[in-house]
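Structure in structure tokens, see below.
A, B, C and D are the chain letters, set down in written order, and residue numbers restart from 1 in every chain.
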Amino acid sequence: MSEDERPLVIFDPFPRSRELIFRDDTWEKLAARTRIVSHEGERMPEALVDKHIGEAALVIGQSALPAERLARAGKLRGVINVEGNFLPNIDYAGCFARGIKVLAIAPAFARPVAEMGLGFAIDLARGITRADNDFRKGKEGYGLSGNQGAFLLSGADMGFVGFGNLGQALLPLLQPFRPTIRVFDPWLPEGYLTDFGLVPASLDEVLSRSRVTFVLAGVTEENRGMIGAREFSLVPDDAAFVLLSRADIVDWDAFLEATRGGRFRAATDVFPVEPVPAGDPVRGHPHLLLSSHRAGGVREVFLRIGEMVLDDALLILAGLPPVRLQAARAETVTRLRSKPGRSYARGEV
Amino acid sequence: MSEDERPLVIFDPFPRSRELIFRDDTWEKLAARTRIVSHEGERMPEALVDKHIGEAALVIGQSALPAERLARAGKLRGVINVEGNFLPNIDYAGCFARGIKVLAIAPAFARPVAEMGLGFAIDLARGITRADNDFRKGKEGYGLSGNQGAFLLSGADMGFVGFGNLGQALLPLLQPFRPTIRVFDPWLPEGYLTDFGLVPASLDEVLSRSRVTFVLAGVTEENRGMIGAREFSLVPDDAAFVLLSRADIVDWDAFLEATRGGRFRAATDVFPVEPVPAGDPVRGHPHLLLSSHRAGGVREVFLRIGEMVLDDALLILAGLPPVRLQAARAETVTRLRSKPGRSYARGEV
Amino acid sequence: MSEDERPLVIFDPFPRSRELIFRDDTWEKLAARTRIVSHEGERMPEALVDKHIGEAALVIGQSALPAERLARAGKLRGVINVEGNFLPNIDYAGCFARGIKVLAIAPAFARPVAEMGLGFAIDLARGITRADNDFRKGKEGYGLSGNQGAFLLSGADMGFVGFGNLGQALLPLLQPFRPTIRVFDPWLPEGYLTDFGLVPASLDEVLSRSRVTFVLAGVTEENRGMIGAREFSLVPDDAAFVLLSRADIVDWDAFLEATRGGRFRAATDVFPVEPVPAGDPVRGHPHLLLSSHRAGGVREVFLRIGEMVLDDALLILAGLPPVRLQAARAETVTRLRSKPGRSYARGEV
Amino acid sequence: MSEDERPLVIFDPFPRSRELIFRDDTWEKLAARTRIVSHEGERMPEALVDKHIGEAALVIGQSALPAERLARAGKLRGVINVEGNFLPNIDYAGCFARGIKVLAIAPAFARPVAEMGLGFAIDLARGITRADNDFRKGKEGYGLSGNQGAFLLSGADMGFVGFGNLGQALLPLLQPFRPTIRVFDPWLPEGYLTDFGLVPASLDEVLSRSRVTFVLAGVTEENRGMIGAREFSLVPDDAAFVLLSRADIVDWDAFLEATRGGRFRAATDVFPVEPVPAGDPVRGHPHLLLSSHRAGGVREVFLRIGEMVLDDALLILAGLPPVRLQAARAETVTRLRSKPGRSYARGEV
């Protein structure tokens, strides 16, 4: 055989890099089974994409795939976004009609975000960060006197706003505490939730009856700003409110206002604008636990992405269903609103 | 019947108080079934104890019970310490010979301490408190750049120093992370540990192979200062070390020294002297997460103590074995070294 | 509005019936939201299907949908098979190209089959059925003398052949026994399995190292008769072999031969021909636990099917992704070989 | 040192034998640390016990220890019964006053009995044994037609009569089914049970509201025959009743009568007289699943006993609390009624 018949892969990972998501041995497994056209440090030039798209079996990365380019991608079987969100630069309907898989890496981030969410919840329930600060100022209280408003997770009522990847990763971490967990998710029927042992509920019920509420939903046109002043007023005193998925779910000003007096505690990993501007008053907010979009992006997590991409790439090339990444769904891919180019975005949907 | 034949209870809870540990309804249940001689605000005067000890069926509190007093306590069936530690003011051998139950409330604190321990572990693994501080200083890093040295608990190797009440409460909280957990506990045979799915190990193995080590042992003459400079040198880089049970288990100076440079992270809820003196340099230690003996003493936990005391008191009076509190064991009660009068002591053994 | 604008549903459930799978209240919810054209007791006449297919938004049942009919089904959004298997009477490629969901009810059967599988495993490990028979014959042995070859599930090595719906339902039931579980599934990458705490393995490893092996795979052209005389020779003495998914996975004659002498024990819920002919020698087999395709078809399970169908029907009609039933996947739907018309087939894939 | 200063052990295991409970390597570990005076095949002759009791540090077995012998046992530190029940041939009060540990092996049997109990429950719920018999007679029903009265454990209400060793071993095996479990145990306070996630209940509530009831209590004077005709009338139709601990808990005639018509199903591992007489009508009972006291006595379980005895023997000799076996409790040891000399007795209390 004089010619290389391995399938062609377009690798266009920017703003990610190969080094970030692939261990050497993982990359070599991909390279052994495919021919790779790679471009890093910026989006692959259009001309280069165009040159290879006709031969490409897979696109790994964020190359634009409008209808006209897709029409020339006769061998294309899969598109694997490694940035995190489904971007609007793809003709999704065209992909679906052709049976081209469109995948994203959100599942890789579910576990680290879930662990962080549990950490935030315990921190708020028990005042870990606050007490460390008090101690350094010589103002610590010992035993009960240092535990004003503290509560145990064991047996506490909890609530989820949204039950997708993140919720499914968080749920097993919470089960040893034997909580009642109410869930608001308008995309899921009640029987689906009760099969997980969860209690279907309205948003108001979740907010008003949970000692710990986790916001885990992706942003859509419908839920933008869904939790505003009225909703925050429902949160019980001394409760914990953990914002993990997208800042746009809450009315940000109402969020800052509701937490300002310390009536309940809150943690957030996401902000309306990231990086947060230098002088943003949130930096001095006395009752927020602040985390700079750090819940998902741990080194070992990025390296797992490469393994997941490799696994699903090989399954697609073998004519088998991918199982590790998240497939875009026709019904929701265009509803989810993420901001392309925001490099800190995590991509849970 | 002209006389009150309800059994007599001596209630001498100082430094606790009735209000701290009994809800009104719990107290009323006890009061309905017994006659209570109570003294609060200080240790019950000796004369008052002496006056009633001959009639007492139960002592709830920390009254001294030396051999000569015990000899006059002909109706005594149980002693329930509500302060937390087995104090040296009791003739334990005399109680055991008479079949008098001696109980302490340590089990009540196991769950809150376990939850706090998990919170510390996630905080150290993910840098929650540190990142909040960085954010407030405008030095936060987003995504991966804010996650230097961060790691997931999922799949991490963990270690326990000691596997008693605290370990048994912590274990189920860790199981969703599916860790390998090595345990050093010289009082427990290997088969006991493997039945829990744990890996018996030496102290050196626990320290050197664990990404997260939890110190959960009570202090005895044998283990005081057991973890010193040599032992700390075994802890891997970027590991997390969580000190929950007693400061005296570690060589404190070696502990401060080992963590000073940030080679690994540590959290502690306990200190050699509490309250920590105002000028103590630990307050400025850059790589310790500090908690002022707050892990156990949550309001709802104290109120559970009253329920547990009531339950075991009624069992003892009914001639049944107590099941909720911890019974002193002849073999260990005099080995465990706690500091009587240290009001923040938590009492895990 | 003079016309009924509710979406049209073709309900063609034969060999199921409405009464079998729908509680009245579930059915009424469907009827309130849709117009239903229903035919029971036999497959809906072709003319009736043809009459309504142009208006139908959903087909619930097994109506044939060849390409030419599909071409006229301009409003069709989903096909929900309620019989159990993906039949070859549908133009799947045509459905996928149009974004028409094709769903089947296999997930409903996963839990009952998993429970039965656990019951079979304990029965084989402990000789429950055998001992009941011995007792009735006056040949029972007490204590150890009645427990020849018996073993505990706790800590036993186990194996799965296939890890789909059934495996995912069985896994949590086995976890309290803390087994090592080896899995052979050529459609799944190793990392997918290790994320569940499973050990990827070859078929030979699964068979030779498992004290209990569960066969849970659907039948494809590749795996028909995959477990034959050589493979059965690998099974350890006194092991338990549980056949749950499809008889065609094993070489049936080899299966009967391998188990005839009682070297290891086996249970089966499936047979090459069902109903099993009256004189079939399997009825007298001394070392097989026999179950007549009963693992899935429990009354309460059928009634859950209606709930799941309703939920996914409403999601599809609302433009949301179905979440309760199993979606046909282009890669595998034509590989899975089931026997249309076999009314006892369970439909796990 | 001219003399052997290893502590002396009296080993008097009849009706057990060394070979039954000790692997060679386990025995050798004991033999290396102690001097053993052993007698097998019958109870050790009184003269031999008397000869050595003054030197003995441990008795492993069932030697009689009346007060007068105990008075001469000046070095005795522990008594380890390996037969299963606390026999009335010991001066327990004398042992307790001296701090001599009295241990029994009941915990070894908890896990195998729990596994068998789960197997019985699934068998009754799904008709495993009945269906195998039907199949052999050519009367099997396929799918739903073979599943009259069948039900899933998932989500079923369950009940425990007694919550000791057996209940604690059974509980984790049931948790994946997410049942509500009601418990009747008059020796345990409500808070103890709710901490396990259980629902405290009266006996009538347990029987009337449970789809599966497990009888797990030891026999005392108070509960002998506690479940009689009235109580059996409370059991719901098609429920499953699993008798695991002691036949004497039920009124046996009422039990046979209540189950005769098949209104509900039952399994039993225990009988009023064992071995059951040849002509006992229970052998022909159509609706009982019969097991000849086989739930505990599995070969591997007996061999674990030796390990547990070794571990606790060494702990006692080292002055540490034993942790693996069950310590006799002054309050209950004389209440529990077992039949000495019944060699199939299992010894759960």
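By definition in this document, contacts are C-beta pairs under 8 Å (C-beta built on N, C-alpha and C of every residue); 3 or more make two chains touch, one makes a residue touch a chain.
These numbers come from a predicted model, not from an experiment.
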Chain of greatest Cα-centre distance to chain D: A
Centroid spacing, where centroids are CA-atom means, of chain A and chain B in whole angstrom: 38
Cα-centroid distance, chain B relative to chain D, in whole angstrom: 33
Centroid spacing, where centroids are CA-atom means, of chain A and chain D in whole angstrom: 50
Multi-partner residues of chain A (each touching 2 or more other chains): none
Interchain contacts, given as pairs of chains that touch: A-B, A-C, B-D, C-D
Touching residues (chain side chain C, partner chain D) in the complex: 20, 111-112, 115-116, 118-120, 122-123, 125-129, 131-136, 138, 140-144, 146-147, 150-154, 172-173, 175-177, 274-276, 278, 283-284, 289-294, 296-302, 343-344
For the chain D and chain B complex, residues of the former touching the latter: 93, 96-99, 187-192, 304, 307-308, 311, 314-315, 319-321, 323-324, 329-332
